[in-house]
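Both complexes shown next keep chain A, but they swap its partner, so chain B is in the first and chain C is in the second.
This part shows the complex of A and B:
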C-alpha cells in the first residue's frame, strides 16, 4: 500500500465518520436540516465526477450540468408518472394526447435508474468520441462542451410537450424503493444519499488509484508523450468522460429526490460553472477534496445567503477569484503543502545532530590549511 | 423572397453586434490566450454606462459612445492589472477567474443600480426605416452595421498600420523574443486588454435600444461571441468578422426555416461540428513556433 493511498483511505474513513455520525448528531436528527444537507451531498457527487475528468485528465468539461440534468429528468419522469394516472398534467396543457414513446419505459423504476446512469454515460461518450478522436484538447474541450450545454438546455426548454419546458417537471410523487415509501425528510433518506455518496467516492478513489488513473494523469501532463508510449489516449479520455457523466447522472437523480422537482436551470451555464467553482475550491486533484468543496461552498451559501441576501453572490465571486489566484490547487493543495512542511520540519529536527557534525569538521580542516 | 431578405438583414444586424463584441474578445484571446468570460459583463457595463449618461446628463447614444469606450476600457485595464496579469501562464484558470470577475461585476451592478430592466432611447436622427421594395430596414440597425464595419477597419488599421499594432503582433508571435527587442510585453497586454474591454463597452452602448438592459444580459452574449472567436481562428480579425457574419446569417436562416430556438440549436450544432474538424478556426494563423 502506497503512502498516498493510505492517506486517501484515512481521509475517506474520516469523511465517512463525519457524514454518517457527526452531521446527523449535530443537526439532532432534524428532518429538515438533514434534507438540506442531503442536497449538498448529492451535489458533492457531481463535483467529484467533474474532478475525475478535470483533475485527473485535465479535461475541463463545462457541460457537466447537461449529464446531471439528464439524470435528474430521468428520475423526475418516473416520479411524475407515478404521481399522475395516465397522462401527466402538463402534457394535457400542451395538447399532447398520448404519452410519448420515450416516456413509456419510465414506469419501471429499474429502467429509470439504469437510464439515469447509462443515458448520461452514452451522451458523454458520444461527445467525447467526437472530440477526442480529433485530438481536441485544452480550451477547445471547454468550448465544445459549453456549446453543447447551451444547445441542450435550449432543446429541453423548446420541447415543452415532452419536458415541461421552462417550468420543468413539478408535482412529483415520492419514490417507492422495494416497497419503502421514501420520505425525503427522514433520517433513512439522508443515509441513502450519504451511502450513495460513499459508493461514488469509492468508485472515484478506485479510478484515481488504479493504473487507469495513472495513465489519465500522464495524459494530463503530456498527451503526446503518452501517445508515444502506445496508449490510445482518445479511448482513455472517452472512458473517463463516460464514468464522470454516469456519476453526474446519478447525482442528478438524487438531487431530484431531495428537491422534488426538475427544472431546466439544472442545465444552465451558471450551474455548470458553479460545479467548476466547488471543485476548484475543494481541490481538483482529489475526489474527496472536490466533494468537500461542494459541501462547504453550498453549506456556506445556505447559511450566508440568509444573512446577506444580496451580497452573497458577490462574496462567492470574490472568494472564487482569490482561490484561483492564490490557491490554484484549492483547499487540497493548501492541506497537502502544510502536511509536507510539517513532515519536513520533523525530518530536519531528527537529522540535525548528524547534519551539523561533518560541517564543523570540514570548517576546522579548512582552517588548518 | 421578401421574408428571406428581411431575415438576412436581421441576421446581418445581429452579426454586426456580435462582431464588435467578438473583436475585443479575439484580440484578448489572440494576444494573451486569456478566455475572458467577463467580456459579457463588459458589454453590460457599457450598456449601463450609456443608460447612466442618458439618464443623468441627457447624452444621446452617439455622444455617449467615446465616454463609454473610455470608461469600460479603464475598468478592463484595472482588472488586467489586478487579476488577469497573474494568470498568463495558466490559460484554463483564466476561464475560472474571469467567470468570478463576471459574477462580481454583475452583482455590483445589481446592488448599485437594481435588477430591473432599464430603457435607453435610440438617437432621434436615426428614427425611421429605409424601405426598398418590401424589405424594411430600420435606420438604427443600418447605422449599427456601418459602425461595426468602421470598428473593424479601425481595429485592423490599429493592428497593421501602427507601432502599437506591430509590437502587439510581435508579442503574439513570440513573447520572449519580442521582450529581447525591448518591447514591454506587460504594457502591451494591459493596453490590449483595455482596448478589448472598451470595444465590448461600445457594443453594449450600441445594443441598448435593441435589447433590454439587465444585469444578466452579458452571459448569453459572451457564449456567442466566444464561438465567433474560436471559429474565426486565434486572434484573426478578418476571421472574427467572417465568423460573425456566418453565425448571424446561419441563425437567421435556420430560424426562418424552423423557429428561433431550434435555429439557435442548429447553429450551435454546426459550430460544434466545425470546431471538431477545424479546431484552429477558419482562418488559422500560420506561424511556426
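This part shows the complex of A and C:
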C-alpha cells in the first residue's frame, strides 16, 4: 500500500466519522438543520465529480451543471408523477393532453434511478467523444462544455409543456423507497444522503488510485507522451467524463429530494461556476478535499448570505480570486504542505546528533536530503 | 524478413521536403545509428515511424504490417517505443509512478479501470537498479538532474519493453561516464530489442552501432559499418561542406 493511499483512507475514515457522528450530534439530531446539511452533502457529490475530471485529468468541465440538472429532472419527473393523478398539472396548463412518451417510464423508480445515472453519463460521453477524438484540450474543453450548458438550459426552458419551463417541476410527492415514505426532514434521510456521499467518495478514491487514475494524471501532464506508451488517450478522457457525469446526475437526484423541486437554475452557468469555486477552494487534486470544499463554502453561504444578502456573491468572488492567487492547490495544498513541513522538521530534529559530528558526516546528511 | 521496411518515404512541411524518397530496412535485434547534419531529417524519420508525423507518401512496414494511417497509440501497441530529444517524463509524478505509466503491456482503458494500485513492483525495481535510480524511486521526477531525467526516460522505455525502440539523442547532456554506461546498457539490449538511435557523439556511435545510415537533406547519403562510413568521401563533404 502506498503512503498516499493510506493517507486517503485515513482522511476518508475521519470524514465519515464527522459526517455520521459529529455533525448530527452538533445539530442535536434536529431534522430541519440536518436537511440543510444534507443539501451540502449532495452538492459535495457534484464537486467530487468535477474534481475527478478537472483534478485528475485536467479537463475543466464547465457543463457539470447540465448533467446535474438531468439527474435532478429525472428524479423530479418520478416524484411529479407520483404526486399527480394521470397528467401532471402544469401540462394541462400548457395544453398538453396526453403524457409525453418520454415521461411514461418514469413511473418506475428503478428506471428513474438508472436514467438519473446513465442519461447524464451518455450525454457526457457523447460530448466527450466528439471533443477528445478531435484532441481538443485545455481551455477549449471549458468553452465547449460551457456552450453546451447554455444551449441545454435554453432547450429545457423552451420545452415548457414537457419540463415546466422557467418554473421547473414543483409540487412533488415524497419518495417511496421500498415501502419507506422518505421524510426529508428526518435523521434517516440525512443518513441516506450521507451514505450516498460516502459511496460516491469511495468510487472517486478507487478511480484515482487505480491504474486508470494514474494514466489520467499522466494525460494531464503530457497527453502526447502518454499516447506513445500505447494508451488511447481519448478513451480515458471520455470514460472519466462519463463517470463524472453519472456522479453529477446522482447528486442531482439527491438534491431534488432535499429541496423538493427541480428548477432550470440547476443548469445555470452561475451554478456550474459555483461548483468550480467549491472544488478550487477544497483542492482539485483530491476527491475528499473537493467534497469538503463544497460543504464549507455552502455552509458559509448558508450563514453569511442571510446577513449579507447583497454582498455575498461579491465575497464569494473575492474568496475565489484569493484562493487562486494564494492557494492554487486549495485547502488540500495547504494541508499537504503543512504535513510536509512538519515531517521535514521531525526529520531534521532526528538528524541533529549527526550535525554535531565532524563536517564529513554533516555534509553526508545534507547530500541525502 | 526485415523487421522494419521503409520504402519511398516522403514528407513535406509547407514546401520543405524534410524526408525525401527515403528507403531503410532494419533487421531484428540490430542497433542502427542515424547520422547527419542538422536538418537532415533524422528526428523527422523517427517521428514518421512512431506516428508523431503523418507522411505525405511512401510506406512503413513493421513486422509485415503497414503503419501508415495508424495512430500513435496503435503503433505503440504494435511494439514501437520512442524516446524524445527533450527528455519527456512526467515531472509531477515520482520516479516509480513514471515507470508504472510505462508498464503498459495491457494499455486498454477497461483493463486500467479494473487494475488497482501500481502494478508489478519487482520488475520496476530491477529496471531502476539497472539504470542506477533505485535511490530516487520515491523522488519527484521534476527534482532529477538532466542526466538522471535521461536515465529515467530510458528506464521507462525498458519498462515498456517495445521490440523496436527509437532513441533521439539519448546521451545529450550526459557526462562521459554516464554516456559510457548508456553504451553498455544499449549493447546489452542488442539481440532482444531493435534500436534506432539518432546521435551526434561519434565515440558513442562507434561503441554501439552495428550499422550506420547517414542522412542529408532528407535522403540517404551513405550506409555501412562504422569504418566504412568514417572513410566515406560523400559523408565528409556533407559534414564539412567541401
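Note that the second predicted complex is superposed on the first by the 356 of 369 C-alpha atoms of A that agree within 3 Å, B and C clash if a C-alpha of one lies under 4 Å from a C-alpha of the other, contacts with A are read in each partner's own complex, and residues count from 1 in each chain.
One rule holds in what follows: contacts are C-beta pairs under 8 Å (C-beta built on N, C-alpha and C of every residue); 3 or more make two chains touch, one makes a residue touch a chain.
Please read these numbers as outputs of a predicted model, since none were measured by experiment.
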Inset, instruction - Once the structures are superposed on A, label A:215 by its partner contacts, choosing first (chain B), second (chain C), both or neither. - result: second
Legend entry - Partner chain(s) touched by A:310 [first = chain B, second = chain C, both, neither]: first
Inset, instruction - Could you say whether A:146 touches chain B, chain C, both of them, or neither, answering first, second, both or neither? - result: first
Legend entry - Per-residue contact with chain A, leading partner among chain C and chain B: B
Inset, instruction - Pick one for A:230: touches chain B only (first), chain C only (second), both, or neither. - result: second
Legend entry - First (chain B), second (chain C), both or neither touched by A:25: neither
Inset, instruction - May I ask you to decide whether A:318 touches chain B, chain C, both, or neither, giving the answer as first, second, both or neither? - result: first
Inset, instruction - Look at A:95 in the shared chain and tell me whether it touches chain B only, chain C only, both, or neither; answer first, second, both or neither. - result: neither
Legend entry - Residues on chain B engaged by chain A in the complex (per definition of touch): 35, 83, 86-87, 90-93, 95-97, 99-104, 106-108, 110-111, 219, 223, 226-227, 230, 259, 261-262, 264-265, 268-269, 271-272, 275-277, 279
Legend entry - Complex contacts: residues of chain A adjacent to chain B: 58, 60, 62, 130-131, 134, 136, 138-140, 142-144, 146-148, 150-151, 154-155, 157-158, 269-270, 273, 276-277, 280, 310-311, 313-314, 316-318, 320-321, 324-325, 328
Inset, instruction - Under the touch definition given earlier, write down the residues of chain A that touch chain C in their complex. - result: 2, 5, 206-207, 209-212, 214-215, 217-218, 221-222, 224-233, 235-236, 239
Legend entry - chain A-touching residues of chain C, taken from the complex the two chains share: 50, 52, 71-73, 76-77, 81-82, 84, 88, 90-93, 97, 100-102, 104, 107-109, 111-119, 156, 160
